[in-house]
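Down below are the structures I want you to see.
Two complexes, one shared chain (chain A), two partners (chain B, chain C).
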Partner chain A sequence: MAMGKISPWVSQAKEIPVEMSSRIRLARNVRELPFPHLVEDDEMSGVIETLNDTLDDFNRIDLEELKFEDKALLVEKHLISPLFTKRGRLSYINGDESVSIMVNEEDHIRIQAMGAELSLDELYENASSLDDRLESRLDYAFDDKYGFLTACPTNIGTGLRASVMLHLPALSLGNRIQRVSNNLNRFGFTLRGIYGEGSVPLGHIYQLSNQLTLGQSEEDIIKSLNELKARIIEEEIEMRSIMHNEHLIKAKDSIFRSYGILKHAYTISLKEAANHLSNIKLGVDLGFLPENTIRFQELVQLIQPAFIKMRLNSLDKEYVSLERAVAEERATLLREHIGGTI
Partner chain B sequence: MICESCQENEATVHITTGSGLNKTERYLCEVCANKSFSGQFSSFQDDSFNIHQLLQSLSAQQPFTSHKQQKKHCENCGSTVESILKNGKFGCAECYETFSEKSNEIITKVQLFQTEHNGKIPQKSSAYIKVKKEIEQLRAELSGLVEEQAFEEAAVVRDQIKSLEAGDGNGKD
Partner chain C sequence: MAMGKISPWVSQAKEIPVEMSSRIRLARNVRELPFPHLVEDDEMSGVIETLNDTLDDFNRIDLEELKFEDKALLVEKHLISPLFTKRGRLSYINGDESVSIMVNEEDHIRIQAMGAELSLDELYENASSLDDRLESRLDYAFDDKYGFLTACPTNIGTGLRASVMLHLPALSLGNRIQRVSNNLNRFGFTLRGIYGEGSVPLGHIYQLSNQLTLGQSEEDIIKSLNELKARIIEEEIEMRSIMHNEHLIKAKDSIFRSYGILKHAYTISLKEAANHLSNIKLGVDLGFLPENTIRFQELVQLIQPAFIKMRLNSLDKEYVSLERAVAEERATLLREHIGGTI
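Take a look at the complex of A and B:
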């Protein structure tokens, strides 16, 4: 596994407007063992042995052997959660880094499948068949009435969190997100910024996911999510055409300014870089810039701090202030990608 | 990776405090890291943020619980209602059963009045759950068909239910 490289499933993905990637997560626990926040290390050893045995085609990552930077990289690749960097023990990751398992996150087992060109149904199939594989060797905590039992009751039942990452610059700039989001909440779904909880999330990237895990089947949850996703995409496209038809000069101005800045900047913050990348991607989608201008999904990851630090380390550069060095290296990376001054 | 505290700046500082069981680790930006040394930072917000608030409010609501209930603990993991509310998490799978009333109350709240699983059933899990759910589903289908006055199809479904109830359906597993 190449730690400091973009996950193969991301770098091979075709870029399309709005929809970035999808993810399925299943939460599972082993009967009788206390949940992770109470379980002792040695109580988990049997489960871990079984997992090692069953998952011999996965890369096994021992979190305790990783440095902070490497853990942060895994977070930036969405392979592990921030919580897991603190008390996680083991993770299993497949070859193209699209499927991963966290041992002792909030639950004993968290299975995750990600993809850019696969539908949520296909991803669920992948996760579910891996789940079957584990279930044949482990005794899951399952209840007739409540389904799969989880540490937190917000995950009980299916243990399923299905989510879609969406690039919503037009809805975001048009201040429509709150309204869309309020509507979703009534159906038991949420729309949240994926990077940070600020009013405008990094790169106008949002995550649509189900909030309820009990009562509906996996198929029904995914079906509703797909319907809601289609509606949000429709609204985003509509806002974009309003932008195009009624505010053409303003839209072009901000898109090409962003393009100019990333082409020629020598130091840039994460927030600013993500914002300009979002504008450029919008410019590509609207046909103002050629399709090969940027690979948005990839660059949004590459500009994150751990990726940049990895680059700095590999270049053996010396610096006084890490923060400043990161901002400078980020600008260099972007100039390289967009073909600016070197 | 983003600062856990402000969720805005880049996390550039890794702070470890305490040791052993009390050890906590945080990834913060420089601003928040400096603040944290004066003992002021907000807790990490993740999926369970809302549930924490909710459970805390539930726990605030129950100062009058009887002593008997307060002492009750899970045989398997030692959790009590108090510890569950405080952690925002159940201690183990058996806690759900041990504190069935409380767990039902909590689940009803966080799952917006959904109280029954309708999804995947583990293969190993006893065949009867599958049959039970299948019968429930067929019953719903049946009442729909009767309503539509599709009596021929309804008869077929009724026979399916009968054979499942008689235990013939177990052969599939």
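Take a look at the complex of A and C:
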């Protein structure tokens, strides 16, 4: 497994407007074992033996053997959670890094399936078949009334979190996200920035996901999410055509300035870089820039700190300030990666 | 005379670092006539007849026959003063637009000689020989004790204002202008922005000029100004090498971002455009960008409102907001004029 490379499922994905990727996550626990925050190592040993046995086609990652920077890379690739870098010990990741398992994150077992061109239904199939493989060997904590039991009550029932990552620059720049988001909350879904904590998330990238796991079947959750996703995409596309028709020069100005800046800057922050990439991707989607100008999804990962630090290390460069060296290396990477000469 | 074109002496000038152009202005009045703010038209008729006669090799400009936009162009070309657009009636301009005369501006006669590659001494020669031509036909108001008498007491004596236009981005960005300027004031010289009223003038372009006209000979004023100019240029060059040696990435980042933005923007304000042009010129001077990237002195004039409006009119373009159309046309002009593909 190439730790410092973009996941194969990402680098092979076709870039389309708005929709970036989808993810299914299942939370499972083993009956009669304390939840992860209370369980002792020796109590888990049987489960881990079974997992090793069952997941022999997966890469087994011992987190204790990884340097901090490598764990950070796994987070930036969305293969493990930030929480897991601190107390995680064991993870299993498949060949194209689209399916992964965290052992003893918040629950004993968290299965995740990601994909860029697969529907949520297909991803649910993938996760489910892996879930079935494990269930045939492990005795899951399952209650006939409540369903799957989980460490945090918000996951009880299906243990399912379905999500889609959406690039919503037009809704975001048009200040429509809040309204969209409020509507979703009423249906038990949520829309929030996937990167960054500010009011406008990095690169205008949002994650739409279900909040409720109880009282609905997996199929219903996915069906509703698909419907809401389609509606948000429609609204984004509508806002884009308003942008195109009513604010053409302003839109072109902002898109091409971003292009000019990434093509020429010598130092750049993550936030600024993500914002320009978002503009350029919008420019590609609107037909102002050629399709090969950027691979948005890849670049949004490649400009993250751990990826940049890895590049820096491989260069054996000397620097006084790491922060400044990262900002400079990020600019260098972007100058190299922004295609075409316009 | 091509009103809407850059003055020949500007477009033929060689671009060098820091020093942009020099100017000599002489203020003269005719004995026994009231100063311009009090003089009647018929009282001036004799003087004007003499001027027409003497300046037959000059283009005679009747300002009353000009549209407002054409007067604004003359101001942007520094051929007449802003004050003169309101109450000026008559001006004489020579072939390459380097020598001009305003009649009844603040004084009866203001002679101006500008040049990019000529020294102040040479320009003073040019202005002086024209002055001599006029003096042989007109009776100047001259006092043996005070020298030339002028409408405003700040010009009495030599009636001379000598000035040099300097591009001082490094002193300006390094916040050194105030200190330099305070020093100059002690010697009776002043350094101020030539464009714009803000604390940092448009394009970091400053004008160094004498404040005192009394008690010093013309030669002494010019000699002191040349010495001070040399010292300021030296300080600017020193600050540039500090920039280059100690803040290389920051300097390159700012220079190349400016390049990327002017190469790609679709709308831009005068202030922002001038700032980027200044950065690009600095980049050329520091050897980061090829010499033919821009003609700084020309472009700083071409992006001014009257020049842009003239372009707009010639395009017969329709627009809703003049202000927005100007900002867009300015960006178009710059995209066309920024040379090279880096």
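Everything below uses one rule, namely that the second predicted complex is superposed on the first by the 338 of 342 C-alpha atoms of A that agree within 3 Å, B and C clash if a C-alpha of one lies under 4 Å from a C-alpha of the other, contacts with A are read in each partner's own complex, and residues count from 1 in each chain.
The rule is short, and it goes like this: contacts are C-beta pairs under 8 Å (C-beta built on N, C-alpha and C of every residue); 3 or more make two chains touch, one makes a residue touch a chain.
All figures in this text were calculated on a predicted structure; none of them were measured in a lab.
K.L.:
Of chain B and chain C, which one touches more of chain A's residues?
P.N.:
For chain A, the partner with the higher number of touched residues is B.
K.L.:
In the superposed arrangement, which partner chain does A:331 touch: chain B (first), chain C (second), both, or neither?
P.N.:
It touches chain C, and chain B stays clear.
K.L.:
Pick one for A:250: touches chain B only (first), chain C only (second), both, or neither.
P.N.:
After superposition on chain A, A:250 lies in contact with chain C alone.
K.L.:
Which partner does A:259 contact after superposing on A: first (chain B), second (chain C), both, neither?
P.N.:
Once the two structures are laid over each other on A, A:259 reaches chain C alone.
K.L.:
Return first, second, both or neither, reflecting whether A:76 touches chain B, chain C, both chains, or no partner chain.
P.N.:
After superposing on A, A:76 lies in contact with chain B but is clear of chain C.
K.L.:
A:322 in the overlay: touching chain B, chain C, both, or neither? Say first, second, both or neither.
P.N.:
Touch status of A:322: first partner only.
K.L.:
Which of the residues in chain C come into contact with chain A in the complex?
P.N.:
Residues in contact with chain A: 249-250, 252-253, 256-257, 259-268, 324, 328, 331, 341-342.
K.L.:
Given the complex with chain A, which residues does chain B contribute to the contact?
P.N.:
It is residues 1-2, 4, 7-8, 10-12, 14, 24-25, 27, 30, 44-48, 50-51, 76-77, 79, 87-94, 96-97, 103, 106-107, 110-112, 114-125, 129, 132 of chain B that touch chain A.
K.L.:
In the complex formed with chain B, which residues of chain A make contact?
P.N.:
By the definition above, chain A touches chain B via 29, 31-35, 37-38, 68, 72, 75-76, 81-83, 85-86, 106, 128, 131-132, 135-136, 139-154, 156-158, 160-161, 188, 195-198, 212-218, 220, 270-271, 304-306, 322-323, 326.
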